[in-house]
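One chain, chain A, links the two complexes that follow: it is found with chain B in the first and with chain C in the second.
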Partner chain A sequence: MMKTALKGAVYGLIALAASTAVADESAELVINGETEIVTRADAPAHLDGALSEVTSGWLYRSDETQAMQMDDFDNPGMLAVEDAMVAWGTAEGTENKSCADCHGAAEEGMAGVRATYPKWNDNAEEVRTLAMQINACRTENMGAEEWKYDGGDMLAMEGLISYAGRGDTINVAIDGPAQAMWEQGRDMYYTRTGQLELSCANCHEQNYGNMIRADHLSQGQINGFPTYRLKNAKLNGVHSRFKGCVRDTRAETYAVGSEDFIALELYVASRGNGLSVEGPSVRN
Partner chain B sequence: MKSIIQMTAGLALAATVASAEDVAPADVVYEEYGEVTASLTGIAGDPENGIVVMTSRGKGNCIACHEVTALADYPFHGEVGPMLDGVGGYRSEAELRGIVANAKHTFPDTMMPAFYKTSGYIRPGDAFTGKAGEEPLPPLLTAQEIEDVVAYLQTLTD
Partner chain C sequence: MADNVTPRVRVPRDATAGEVITIKTLISHPMESGQRKDGDGNPIPRSIINRFTCDFNGQNVIDVTLEPAISTNPYFEFQATVPESGAFTFTWYDDDGSVYEDTKEIAVS
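Let's turn to the complex of A and B:
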């Protein structure tokens, strides 16, 4: 493309400024020197050629940010995971039960869980996000209060469950009873909202890898959630991140925990089928 | 880091004091390929202010998506849109005005936001609050700011 050729011609002029933000897109992610994370995978069939491969957001971050996720001692998100390990073993609610009472050690009991969410729940006849399932467990099995969606307790527990499933291959089902909601999410992904008339796809399908001002656009994959952002120094949930993105199109956002965002999460999660569970990841 | 699109944020106070002489966003006449022949204000554009609009995150923030060699002193140029070096040489004033005001008349599928449009949005918001906005929204740039950007782009002939 001409754009690419021209870009090369002027690259030298902005290289100094851009070098702080340009990442090593060929880096390999191995955590603690042992857990191999798939950061590039063949695009799932449902994308029908819209992407040639799917890539983790980790690839688009600076060397320093990448390094923070390569060692749990350097990953600030792990502090929340440690908090959640305490919560995991703490009895609560009218049933005076802890998570551990039914599920055993989180590392074993929650292995494989994160990779399939959001997923259809037959009994409830609804698509459940991981947060919804955690709250269902709390209210139905423990007789405990719900946690706030994308609140600190919830994100820490999602962080622990992601940690327990780290390295598992994302495998979100999009057919059967989940299909209608998945299609709703797909429509949302391609809808240009707000005064800036931008869809998710404008930035994250058509322009990943490109700079937009000082930001390096990724594919907007959510396999790394919950994600510790240097920007706000805490774990962040998928819906809150979606909300920020929609707001930035100068649009009326959807609510965290809403059916709209559950649908969008289901769809976006399925775009990452083939990547690894990374959570808690570290991003800008 | 400020998110990508805070670009057009500022929405200039000036937008609320648009002159009554200006062509209103809904009254702009786009020709066959999206050109806008007549000035939106009747006042010659100021290329110096055009630079301010192009480089300010609270104004047009054009360099968020476009590289401009002549603006290399302003850090962080994007790669989303075509670079603009020489654009004043190969595009006419009318083409430039139409593209800045609402590029979708020239390139129907373009990602570029319309900077002089106030209605017809899906889930229009109240600036960057995330709350619902009521159409007509204030345009992203004033008529004179559009003219200033067009005047600056016309200087990019190399």
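Let's turn to the complex of A and C:
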């Protein structure tokens, strides 16, 4: 009798330990004790019932990883943001101009920017990701060399722009001239690829919250990008993450910066309409 | 050797006498272990922070030896009891001989 009761207590403890090790999905994200981040929002209309609620990937991480993002001192992604602040004020290229010469202080000049990307650019007649816009600014306005797509300098700058827009509500336009590309991205999202014949939706729409072996599946939202990942100890870009995901379906991947990934980024970003810009976020 | 090495420290601005405070420190550093090889197969030389110390008004609080297995951007969080107002001095020692220092004042009432 005694033994059974004891056993029960031990199992209880194990169950408790297991649930805290996975994630606290009811936690609330407040950064530095002041910036409130929306980690749950009603799904945007275009999802049409496929999801009732959109949730940030932060909710699916362990308590320790969640805590790292709640304080900028503990967030290693902020090291890259600080590097980018130096780059922001450094004059470069044939025009000898810095970002700050046109845009002023990054915190003010870049507020609200991250939340609307990727977006249609009228002059270039293309959908531009944040990285493409940064490179356009560098080549056209500064006369400087392009940065490598998803390279260290680029991701640090994207981190700074995300930091400046932290807490803004993601609001990516999917109508007008961007619609064709958005539809291309949507089709990619629902198309099974690779030897494993998996689409994005198979994991991130139908199975979020479940475990895929040792990994806790999120909805695959990209509102937190660029993301500092503990596995490689650096900021990671959206396209590099897509590439990893497509590779895991055992498919030939698209190239980072390719039109296919730009379309997919546009679509996936729009699935997060209503969530907050978190950047730089911390994930495992 | 290592570029962009910047120490960062967080110490509370004030405390009461005898209070136990939490100190957080981080230094951005690649912490190259010396075990890796570059694209041509040549070993990449070790370059790490090998020692970290913290002193309060000349008295040692913590003295740490770091080994090559420690990850990029080493982070230390520890507690200290503060008997009086003064300054914490933090020192990091790099393999290449560089020494990085930071100081934080604390007012004790």
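Definition applied: the second predicted complex is superposed on the first by the 263 of 284 C-alpha atoms of A that agree within 3 Å, B and C clash if a C-alpha of one lies under 4 Å from a C-alpha of the other, contacts with A are read in each partner's own complex, and residues count from 1 in each chain.
Keep in mind that, in the parts below, a contact is a pair of C-beta atoms (placed from the backbone, for glycine too) under 8 Å apart; a residue touches a chain by one contact, two chains touch by 3 or more.
All of these numbers come straight from a predicted model, not from anything done at the bench.
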item	value
Contacts of A:Asn210 with chain B and chain C, given as first, second, both or neither	first
Partner chain(s) touched by A:Lys243 [first = chain B, second = chain C, both, neither]	first
Between chain B and chain C, more extensive residue contact with chain A	B
Contacts of A:Glu82 with chain B and chain C, given as first, second, both or neither	second
First (chain B), second (chain C), both or neither touched by A:Lys231	first
Residues of chain A contacting chain B in one complex and chain C in the other	none
In the complex with chain C, residue positions of chain A that touch it	73-74, 76, 79, 82-83, 233
In the complex with chain A, residue positions of chain C that touch it	4, 6, 8, 10, 24, 26, 28, 71-73, 75
Complex contact set, residues of chain A against chain B	2-3, 6-7, 10, 13-14, 17-18, 21, 191-198, 202-203, 206-207, 210-215, 217, 231, 243-253, 284
Residue numbers on chain B that touch chain A, as the complex places them	1-8, 57, 61, 63-65, 67, 69, 72, 75-80, 82-83, 85, 111, 113-114, 121-133, 137, 140
